[in-house]
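Okay, here's the structure, questions in a sec.
Labels A, B, C, D and E are assigned to the chains in the order they are written; within every chain, residues are numbered from 1.
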């Protein structure tokens, strides 16, 4: 069967690498709709023809689940990610720890918008836990997506920014200044689930299960994703 | 993503979208060029709507209309068996809706500038209202209509926000140059983005150049 | 004449500061001249006839077809009125070539094959625009534009021709070429023509009926000859009083291009550029300023005509040194003479006096 | 005349299919009439004078200022040429009221306080547009528009006035009002006027100098009187051959509005609407068609003038039944007479013959 | 988010952006209305660029230009001490850049429709080229220029994609109605989105209504 997979854009490269092999192995052809997790869940709520959703955050999938849009029992966490603090690659890093963000040398810090962008929500949660968030308000700028955060740091418009580790790896112009340890940071996980209105629930369940398997996990790891925690 | 396929698809959609809005756009522009009639301001605002609200919001409204559960979408799907969202048809709808106000407003100016005396002359020569419109008013407004069509075409090439809401980014099916650029940019693939960007610019340049030629031949 | 009238127009058009209010009965064929000062409402009147004045109310019927009847909420749309309209100002379609302009009306109302206006080559040749057919209107001179507009109107098979100063932009020679054509047209077409002009020569030559407008109202309306002969018209309408006499050719000398025209009350000898056949009807116009009076029949002068006449009336002319005398040639035919008051008193001329009216053959206008 | 000439124009304008190529020396004041058939290049010529023909090349100087010298790559931009231009077609700014149109040029080139055109109220009153000042041009009649355009050009303090058929849209009465004003203007302003018209009356009345254009070339150029008296001009330029005689009032009878005008070779009695002062210079025009010839001095007729004359030349006229005779009144003054060939032969008229030329007082144009 | 504050900020930005582009826009539109000149097609394409490429790409290009390390940005920051990105100035720049092509293309049509004879008449009445332009050509094109300005204003109200790239969301500083709508839509808070949407529509309606009034007064 043909499967329409709604997937967070950040998974684009990995999924494109996986698709041909999966099709050959199972005969199921994969079709991806790659957008931000917010747009994906919005689309599914308006009746978009998705078989499978892979989101970059749990919250939005919770909303779908509560709305009864998912096949019960199909939800499963398949990946994890960590937060990193990036600075421009060609600058002497003024920061070595998260607490340095408070120093006057750091004039502006870019985040994903906590209200709409998951990476922003996680950043706020983590820095809040460290007691840094409220003190940074004056130098904070919220951006609409991860790419904007990277671009702001690359161009030097922000002295630092928090993104996923996988995002940091795609840019040559930023370097990782601080890596948030998996255990310490917020739990950043990617759930997969089968959409109830989908046309091929059996094939969809098969694909969702396969994503947790070792073959898929190896490819994800190549792009910097972590396996889900215990 | 196949660059050639994306380019042809975008070109086809932009062309089709532009052609699609010409007949209603011309009719509406002509109406708006006429002296005040009741409801004119309301119609104008409605037409201008896709301009004044963020494309994502337009996309959402469209999704509610033509989505499977929307009034139009369910009609098409249940009665005619036609699926719209997340197909090329959705891309077409999104680009047409977003281009429409640009065409209408430019065409309206063009109609307003046509001296009504020529229409009167045509009428005295035996041309009915429609005949006079098509043989006199329309050709005299042609420059402006063409300019409006080029504007609409350019906007169709670049339309992104509404498209992504109702058509998604489905490789091989709904990816336009604009969506492709967005996608590459998102993933930090600036080189690939530049290629698509260059193609967009080339297409726009071609359209503008062609319209200049047409205008000059008409003058 | 009003019994045969078959254009009836009772039209009111109100603009801020100007109101046209006319009640006209016009002949259903031949040329009606619309005469009046600038701003008197001539163009407004033509536009109302054509259906181009949305504010027009009243009644209009043209040869049996009712085009407007506000009372019955009846209004024939412009394009259903089979008109030819030569506008006062250039009105060629700028996006079409001259040829395409000409074809525009012709294609929509194709002429009957025998119609005198049917041949596009003849017409453009006559109007001197044959070499312009491929040009755009923007590149034409003022007179060229106007000639194309005339041809365009004629080619649309009109059943009513409205002409708003069609020849104003043309020089004498060109006018002299086009006028005979318009005359032939008038005679050949069985349709009424309403003709606005500021040129008395044109009006008198072409018109059968004369309407004088003044301030949006009809100051006079009637057959040309009798309306012209009225000495009481507001002065300044024409450059000179004149009379029109309808006569018949009784003799023609082809060598001298010389014809004798008989009319009730006498004969006139005139020159004719092209040969005449005896029996042919001819309208001649004699301006009051071209008539001189003598007490004896003159002899040994180049003045070819001297007609016995009786002075019946005298009124002052526009020029304070002049006086207008109305003469009876017998059998009801009148002639007007404009002479100086000085000469009148010198010769003791007064109503009742018998005189000889002298008219140069070259001064008679045909 | 060409010694005093102070407009020099050697201009070439090439359009596809038409080339204007003129070499003119025109007087630096007074009115030059530009005459020619439709399409002969009159408008093109005016536009080149104004600097509106980008394709124009050659040389143009106006009263000492060089406006164009292609050889030296010198070209004064349009707005630096102190012009008044009355365009052939309506050209009022549609976004401005009549008053604002009038003010447009006036504000940019304010008139010297004593200039005859300085008073806007006088001028609009005379042109009959005083009540239109608040109106938009779109609501004016054709003649009203043209009058506003004339006023606008005059109010821009021109040092060269270009008028392209300014009176074509006007009726006789309105023309008769405006012409004397233009005459006064011509006499009061020390500036040259180039005046395109199809009306011989207007031209002869206003012009001092005459240029005949034909097919983009100069067919004749010279002082009005001598150019008009040439019998060899291409026929059809004027409605009739005529002569212009410059004379002096020697007597005036205010009661009869009757003046006697003396000129080298004789005297003429004419009527004058307004009183004359003896000594005043006067130009009179006599059309060939208004002159009749007699073998004896006539008596007992209303024809006020009969002048002894000798026939010096005869040529055919445009009408095949007519002949033009040139008469010598003595002292070099010429008169033209147009008579029928029939009368010529009847009276045996030929060059050398002594005759009496008869001219009605009312037929003399002033 | 304070609705009133957002509304006023948006209004101020849209107005300022529209006014900002009027002088260069009018000049460029007039140039483009002239017969062919070398490089015309290239200039036209450049101007149309923000239309044909997705707003994110425009945002990126702007970021490279006016960012701290960009040629313009470093000039402003080092020479004039003015920071642009992530301030309201960036919002202004983004909206102006996105509205510019709409204004220019509409204004160009308006200039093309003005009969050149009126300019010639003005010249013979003593008006220099600039004078004639401002007193004749410009007023005669006014209808079209106004239509273009309204279009630009409407677009400025709705601009989102490029804005967020170079201005980000600094609560209380750079939130516009479009950003707010996007925000709410993303969060599924359709009710809140509708409020802002209604305000956008009201503003657009007001602008259109005002422009109609102005045109009618001018006619």
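Basically, contacts are C-beta pairs under 8 Å (C-beta built on N, C-alpha and C of every residue); 3 or more make two chains touch, one makes a residue touch a chain.
Chains and their UniProt names: B, E = Molybdenum transport system permease; C, D = Molybdenum ABC transporter ATP-binding protein.
Quick caveat: nothing in here was measured; it's all calculated off a predicted structure.
Participant: Please state, in steps, how far chain D lies from chain A along the shortest route of touching chains.
Facilitator: The distance in steps between these two chains is 2.
Participant: Taking each chain's centre as the mean of its CA atoms, which one is farthest from the centre of chain E?
Facilitator: Of all the other chains, the one whose centre lies farthest from chain E is C.
Participant: What chain lies farthest away from chain D once each centre is taken as the mean of the Cα atoms?
Facilitator: A
Participant: Please find the two chains that have the most C-beta pairs touching each other.
Facilitator: Maximum number of inter-chain contact pairs occurs for C-D.
Participant: Rounded to the nearest whole Å, what is the centre-to-centre distance of chain B and chain E, using the mean of the C-alpha atoms as each centre?
Facilitator: Their C-alpha centroids are separated by 20 Å.
Participant: Where the centres are mean C-alpha positions, what is the separation of chain B from chain C, in Å?
Facilitator: Here chain B and chain C have centroids separated by 57 Å.
Participant: Taking each chain's centre as its mean C-alpha position, how far apart are chain B and chain D in Å?
Facilitator: 60
Participant: Take the average of all CA coordinates in chain A, do the same for chain E, and state the distance between these two points in whole angstrom.
Facilitator: Once rounded, the distance between the two centres reads 35 Å.
Participant: What are the residues of chain C that contact at least two other chains?
Facilitator: Chain C, residues with two or more chain partners: not present.
Participant: Could you tell me which residues belong to chain A and also touch two or more other chains?
Facilitator: Touching at least two other chains: 39, 42, 147.
Participant: So which stretches of chain B touch two or more other chains?
Facilitator: 60, 185 - these are the residues of chain B that touch more than one other chain.
Participant: Using the touch rule from the top of the page, what pairs of chains touch, sorted by label?
Facilitator: All touching pairs, sorted by chain label, are A-B, A-E, B-C, B-E, C-D, D-E.
Participant: In the complex of these two chains, what residues of chain A are touching chain E?
Facilitator: So the residues of chain A touching chain E come out as 38-39, 42, 45, 63, 108, 110, 113, 115-116, 140-144, 147-148, 151-152, 155-158.
Participant: Which part of chain B faces chain E closely enough to touch in the complex?
Facilitator: For chain B paired with chain E, touching residues are 36, 40-42, 44-45, 48-57, 60, 101-102, 105-106, 108-110, 112-113, 143-144, 147-148, 150-151, 154-155, 157-158, 160-161, 178-179, 181-182, 185, 193, 197, 200-201, 203-205, 208-209, 212, 216.
Participant: Tell me, which parts of chain E touch chain D in their complex?
Facilitator: The touching residues are 117-118, 120-129, 131-132, 135-136, 139-140, 142, 218.
Participant: In the complex, go through chain B and note every residue touching chain A.
Facilitator: 60, 63-64, 67-70, 73, 83, 85-86, 164-165, 168-173, 183, 185-189
Participant: Hey, which residues of chain C end up touching chain D in the complex?
Facilitator: So the residues of chain C in touch with chain D come to 15, 17, 35-39, 42-44, 88-90, 128, 135, 139, 141-144, 147, 164-165, 168-174, 176, 198, 200, 236-239, 253, 256-258, 269, 271-273, 289-290, 292-296, 298-304, 319-322, 337-345, 347, 349, 358, 360-363.
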